[in-house]
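There are structures below to look over.
You will see subunit A twice below: alongside subunit B first, and alongside subunit C after that.
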Partner chain A sequence: MPAELRQQGYSEAQLRLVSEKVPCREAQAAALLALFGEPDHYSFPSIFIYGHRAMGKSHVTLTLLRELQMPHVVVSCVECVSPGLLFEQVLGSLFDSSAVTLSRSPSLSDFVRLYRQLCAEDSAKHTRYIVLDRAEVLRDMSANLLPGFLRLQELDNVTVILLSEIVWDKFRPSTGCFEPLQLHFPDYSKGLQQILAQDSHPSYSAELYTFYINILLGVFYSVCKDLRELRHLAALNFPKFCEPLEKGEAEESDTHKLWRNIEPHLKKAMQTVYLRELPYYSKFLLIAAYLASYNPARTDRRFFVKHHGKIRKTTFLKKHEKTSNHLLGPKPFPLDRLLAIFYSVVDSRVAPTASIFSQISSLVTLQLLTQVGHDDQLDNPKYKCTVSLDFIRAIARTVGFDILRYLYDFL
Partner chain B sequence: MATSSVSKGCFVFKPTSKKRKTLSTEDYFTDGSENPENSRLRFQLFQSQWQDMKEEVQMVHDDLNKKILDSLLEFIGKSVASFQSRAVGWESRMRASEIPTAALVLGVNVPDHDVTFQSLSDLLRESVSPFVASVQAKECGALQHLMKKVMQQLMGGGVALDEDDAEEQSGYQISDLPRKGFNCSLGILCDWYQNLNKKSCIKSPGKKRSSSGSDFPKKPPLVVIFKDLEAFCPQVLQDFIVICSQYIQQLPLVFVFGIATSPSTIQRMLPHSVSSLLCIELFQSLSCTQHLATVIDKLVLTSKFPFKISGKVLKVLVGIFLYHDFSVCNFIRGLQLALFEHFFGQPLSVLCCEEEEALAQVRQFSHEDVEKILQLPSIMRYVEKQEPQEQVKLLTSDDHVKVVTQNLLKDLCSYHRNFYPILRCLHLLTSSLPKFPLGKQIRELHVLCLENNVWESEEYESAMQLLRMLAKDELVAALQKCVEVLQPGMTKKLKEVVHQLKDIIAKLKMLDQLSDETISCEGEQESSSGKSLQKTDLFHLQKTLMEMRETRRNKAKTPYEVLRNHTVDYLDSLVKMHLLPPESQPLYEVFYYSSSATVRRHLNATPRTSIQTALSHPHYYLQSEALKSEGGTISKAAPDICIIYKLHLECGRLINLYDWLQAYFTVTAADGQDPDSAEGHVDEMKHARFIRAVSELEFLGFIKSTKQKTDHVARLTWGGCQT
Partner chain C sequence: MSKRKSKDTQWTAGECVSQAQKILRERYCYQRVPSSPVGIESQRKNLLELLRRTAIHGESNSVLIVGPRGSGKTMLLKSVLKELFEVREVQSNVLLVHLNGLLQTDDKIALKEITRQLQLENVVGDKVFGSFAENLTFLLEALKKGNRSSSRPVIFTLDEFDLFAHHKNQTLLYNLLDISQSAQTPVAVVGLTCRLDVLELLEKRVKSRFSHRQIHLLNPMDFHQYIETTQEHLGLPQDFPDERFAQEWNSSIKMLCEDRSVKDVLRKHFNTSKDFRSLHMLLLMALSRVTPTNPTIKPGDIQEASRLCSMDAKANILHGLSILELCLIIAMKHLSELYDGEPFNFQMVHNEFKKFIQRKSHSIHNFETPVVLKAFEHLQQLELINPMDGPSAKIQKEYQLVKLMLDHSQIMEALQKYPQCPTDVKQWATSAFG
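For the complex of A and B:
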């Protein structure tokens, strides 16, 4: 068994409860608890915890703080679109929330002033903890925010814990700051199995579930080490796994049969459905946009003028065009080029009505086209076609248009 | 206006509000008409018929949406149950951290979605939860806007839960509603929700709950509807989902994604780390073409509404639908426009109402009204066909005209009552034929019947030929369906038809007993002809084959073939009797709106053509004869921009501004005056007018400045109206 949690000032029972709740993370929990010290001890001013997604960073931290009843506040930085929101949440949950009155768009100094004022009224008996989840968002807020939080202990007995998936090196501001203590949460590796096996289904034996988890990990571990995702997959496929048991076709011990039954389900890929329903002219507009995006503008003459003469591809090529346009991705094109191609590919005479123009903007709304650039939107807007080749071939087939004949890459 | 101020300055004069009288639609309708009483009546008719149509549309809509909405409601209900059973069920515990999400694929007809979402949120408010927020991408450019929108709608909905103490609630609301931008966080929502639940828990045993709140589950879910998922900024959406997932333990959130394109959009917009926070179920709505078919079926292919549209108008409306927007709402709007135009433009549309009302209306007609009737083209044709005596009577006696009109109205009404059922029958019979000679959809057949005598078309002939080859069981099945279609709302004539058809079906069934004999008889014939084929040369073979074909043609047909021919002939006679085009009916102008050009102009505008017409034929818009010019000449009285435009049509890709200016001077110079007389002296006034006109033209997008040559502008259009 890994190290047991020990810390003076907390009861044995409490500590045991905590260690049960953090499987495979006892070492990290112990380290963290050692850093925290006894309830009224000053801790390290700021602690930076990092590790991949679903590595138990928040889980361990929160379990410790919650179970050992330390005064704390947890703020998700994604949620805080402005520093004001962050300050308000911190102050509101550490102190009496009715006393918190911040100005309209408070700065860090407002926060510090108010914090000091509230501290004086309600000074800390135990260390307070401020947990900032997804701390990488802080970097995009005002520049003094992160350095300020790192040294918040200068005001009071408080420790700031930053949680992030990114290493500290990417945080360090150019102006320098107080260095937090760094704590890394490594991959679970073999521990994953133990954690996953904990949510066994009540109506089946724990051994069966463990066996199931082993199969699952065998298939998915090489591509996915994310605990949350694996748990999702486990929940998704377990009923399928149990199907033969329900029907009475297999015993719990008949593992081979169970495996054969579940395998095809695990490998089934999700099918995406293509969109083939569009108004008639919208389809042609989309085709025209695709041609405009993937053909060099110089080649339009060759494709869309009747007597273009013979232009061979080799003599025609410029050096940079030798690479496939499809590898380079769509290129922007102006509106008039789109309409010119549209009128030459659509087989009937179409008046340039308001509906045609509004269809272009609907295609943009549907994200089949995107508008590029911001200047000159009124005069000469530019677009890109964002659909894939398979998609446009499916669309072209519905209107009987052989798109490959018009694509420069496929000549 | 004068002021008492001594100093110079700008003064704002607000118009006195008394003077302005707001005109109602009715005032616009009757404005300027010679017979206001008549107009008012028509307006009322328009309104009542539109109301009827709207109700019908609403019913169709509810009907069509019912299925998908029901399954959605079921899904949301299920997720609510899963929230509550979290402690018990293994399945729901395992997925507890996921937000239940319904992906609603609605098709690309975006204008129609609003109606669907409206009925969805109404239904949800009624039966699942008072807390429904629906957001649109254009209101939610940034995360805080989205948050604010969602919270405002959710917390605003709280008032509905406890109507008893609405006042107290609203007092609480105002203080609690997000006051400022930065105050919006889900934490607040969470507190609010828990408070609310506590309150209702304490209150519910003692107090009588309001009716709207009574059947909600204990913890109603919070439903957030994203109306147009594609248009949302992916980053905003991702952040919102991540935040919500952190609160999912306390807040029973449910998402509904409105998707116009395909479900793969979700994967494109949300990275795996975010989409794994959602538990997505897919819902596919009915395709819009089916929707349109139902709407046409209920609004157009029925004698319920007196108002009808001609084949051309229907074609335009369906064309706009199929080629441009796929929007059923726009189709209905087009129908409304046609209805309005009909009542607005046709004075005799007072008769376009229920039969009895119309008859009563005719009795009160004045002499002018009678004149109008006689001027209708269809009535003129009708009069010409009458005996001379009758003609004289019609032209002299108003009363006689009234009597005849009443009879004609009755005829027309019964024509409509027979027309649609027979049309449906014909469609039933022909829609299963190979290659669909008369169209797959009933609306195609309908257009055919509206425009010409359908039996004269080639398609009809080939359809009839195919019908003459139909197998027996197919024919019987089709006929039986026809009888079913004809059954409801039968007129005398239709009763007769049903009787005949039943008779035919019975006869066809009788054939089963006879068939054995005929087969044996045929077998003998076959064998005898088979013998004659032996041992002949090529020429003889050909000859005998020809003969055999002849004999087979003339050969006595099997009883089934005889009966089949008889049946098809009977159907043919039905078509010829009942599916006459409406234009052949006297008085059809009263019911049919046929100005397809107006509808096209209003619904499918051509901005560029309009601008070009305005520039090349200014008299058309300015309504001044003086501006009319013959050939390609330019009237100097025309607005400057028109002159400039005409001149620029003669130029190439690049236009020299100085030459252009000179040409402009030449055109605008007074008649007698020699343009060169003022050499060297540029009229500043004209120069300024020229520059203004050029920049107007640039604004309209006909030219733009170019860097290729100084003093030149580039032309952006070619062709257009050269005449």
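For the complex of A and C:
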């Protein structure tokens, strides 16, 4: 049973409208409203609401402020490139915008002075609310913004609400500040199904859609709990789910058949495949670069020289190899090592023409190789290979090269 | 349910509760100066005497009020100034300039603010000054009244004093303290700061001009006084319109403060922090549960408010993670234990996770690398993982070294509370080696 919203100072009709718009979040809305109190009462100078993405933080706060008609302004801090934009938005929404004249790059001092001035002309009968969404951006804007906003209630009956994904411990300045009241919006648990089921398609029954949602959650819930993403995935995959019904192959009650149809499709939806078309020699250059990055230089002789003779693994080597090179990342290699490996890997005789070198630089532009060290080191530039093992295996497969045989970590 | 009184006004229960809420909220939120601040009598007398000497006898002074956040520095200053300005001579003669380190982040801005507060904008007009010192002396000269040879006394209050020490060359501080040492104008410089080591921040020439007077505000309350203060702060004042309601309220508060569980809660808060701000936060949360149908504060309200105030935020965030993200965190925990706190990258974590899936897991199936990378990036976005050297374009994101910002006990606690956590994941977490 959802808790009813009750607060003196607001009509029952308004409160009922609010609780209809915030399904599964009535408890949080009630807690927030209880903190706000009546329209002309003071509330705590600053409130910090935190929780994962798509938990309804902005939605609940905005619904409360809008439906109950409290004077407020909402600013998304990500959109404010400079503090000036933030100040303009706050003053412009709370006061009559014609009276607001800010200088070109206003400081917090200008903002406070102007705010005090405008308050004196138009003092608040009801509490004003300033909502700062994505408040974590404020930390990097200017060191005094966050502590300043937390204390804004010294000027007027205003409460600042900060919304963020990140916990308050990461916000606190080193010398401390006025601590805000913290409110947590927990994850949905049972309510997720309820909310997702509200998106049902008109031409199909609600039970069918609920069944579909249950399958979807079964596959994706262990990876992703974000409501927005799940709604997107549900909308994306529903047509495929309904295919057998459209074609007449199954009825709504053939749950098993529908499940068998959609489950592999959903599992595949979690995979992504990348493969780009590269010219023939570029592929070999990339393979050679990968080998140069992930094989230690002393093992080149073993792999690439014919009749190399035996190489003994001494105990010295064994003790120091605790992690494979694949876990540490690619190592840089000089250009001549790359060319040496390239020539031994490519079957036919290839002359060192300029086109080979230009292919190397185009691999760098494609960010499949990166140049390490100074740009002006012309005689022996160093590179490293930045593609993953799966990618290079796919490439090697297209040219018929067994790369695993040449990698030191897979011996 | 209206309360009948012999006098004219009749207040309903709803109105009484509303009025009580209004008064108490103003007390907790708006920081009204209490008529008789407790426990700081000697400091108050000290400061009052100092400012009186500047205001009436024309003696220049400088003093620093030092105390932790929420210990009452601003409150002390405000109450002293209020008492001082009750004297007529002071009211007509002395000027007050309030500066704040958070707002005036630059000496230029500070100078403009001083000009504005001394109301000398017209006098300054478009003049251009060579240096800060010239500007300041001009301002103070301009304050000389008509035929009197001495300038009017000015009291400068500098809030967040330590932030002013970060300005370039500390010009503002140097000039203000310089003027307070030379006998030209009677000037009092009062600084408020929360840093005990504020004098270390000052340059030598600034420090030598400072009088080294410090007033420390250390709250010497004991637990008994803390409970008494709580009772006082929760009580309704004498002039409350409905006497009967006020009496009932005050007696219920008295009973509340004698309740065993409430005393335990208050002791827990007292042991964490003695300052009034956190007490007010607790009381406000308890007060917000008071409604006309529930017109008193009960022990349960205080307990619930305490629980909300002392929640572990990181544990709450961990509760909302997906299973895959939780598994990655456990993998990271094992890596830090195995390699003694050394940083790791995504490939190492993924490797550890794959080992778990191949050997021990029944319920978690293998996810594709991009999916696992996305989960890793989400953890980075929540700042549960921090990169060692900041974001770098040169290193691929799979190989960038990061470290985990959670400790062992937080992870284990989160696992206990995690809804429907698979048993093999729990066992993996508690096993010694991955």
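FYI, the second predicted complex is superposed on the first by the 268 of 411 C-alpha atoms of A that agree within 3 Å, B and C clash if a C-alpha of one lies under 4 Å from a C-alpha of the other, contacts with A are read in each partner's own complex, and residues count from 1 in each chain.
Basically, contacts are C-beta pairs under 8 Å (C-beta built on N, C-alpha and C of every residue); 3 or more make two chains touch, one makes a residue touch a chain.
Source: prediction; values computed, not measured.
Judged by the touch definition given at the top, the superposed model places A:76 against subunit B, while subunit C stays out of reach.
By the document's definition of touching, neither partner reaches A:343: not subunit B, not subunit C. Contacts of A:281 after superposition: subunit B is touched, whereas subunit C is not reached.
After overlaying the two complexes on the shared chain, residue contacts for A:199 are found with subunit B alone; subunit C is out of touch. Once the two complexes are overlaid on the shared chain, A:228 sits against subunit B while remaining clear of subunit C.
Using the contact criterion defined above for the overlaid structures, shared-chain residue A:259 touches neither subunit B nor subunit C, since it reaches no partner.
With both structures placed on the common chain, the touch criterion links A:304 to neither subunit B nor subunit C. The larger set of touched subunit A residues comes from C, when the choice is between subunit B and subunit C. Contact with subunit B, but none with subunit C, is seen for A:89 once the two complexes are overlaid on the shared chain.
Once the two complexes are overlaid on the shared chain, A:38 sits against subunit C while remaining clear of subunit B.
Where the contact sets of subunit A with subunit B and with subunit C meet, they give residues 272. Across the interface of their complex, subunit B is touched by residues 53, 76, 78-82, 84-85, 88-89, 104-105, 199, 201-203, 228-229, 231-232, 234-235, 239, 272-275, 277-282, 336, 351-359, 362, 365-368, 379 of subunit A. Chain contact summary for the complex, subunit A toward subunit C: residues 6, 8-9, 31, 34-35, 37-38, 40-45, 50-52, 55, 107-109, 112-113, 144, 147-148, 151, 153-154, 157, 165-170, 175-179, 181-184, 186-187, 189, 221-225, 270-272, 323, 326-330, 370, 386, 388, 390.
Interface residues of subunit C, counted against subunit A in their complex, comprise 14, 17-18, 21-22, 25-26, 28-31, 68-69, 102-106, 109, 113, 116, 162-163, 194-195, 277-278, 281, 284-285, 288-289, 291-292, 308-309, 311, 313-314, 316-317, 319-324, 345, 347-348, 351, 364, 367-371, 375, 381-383, 394-396, 398-399, 419.
Note for the complex: subunit B touches subunit A at residues 90-91, 93-95, 97-98, 107-108, 110, 142-144, 147, 180-187, 228, 230-231, 239, 242-243, 246, 260-265, 267-268, 272-273, 276, 287-288, 320, 322-326, 604-609, 701, 704, 716.
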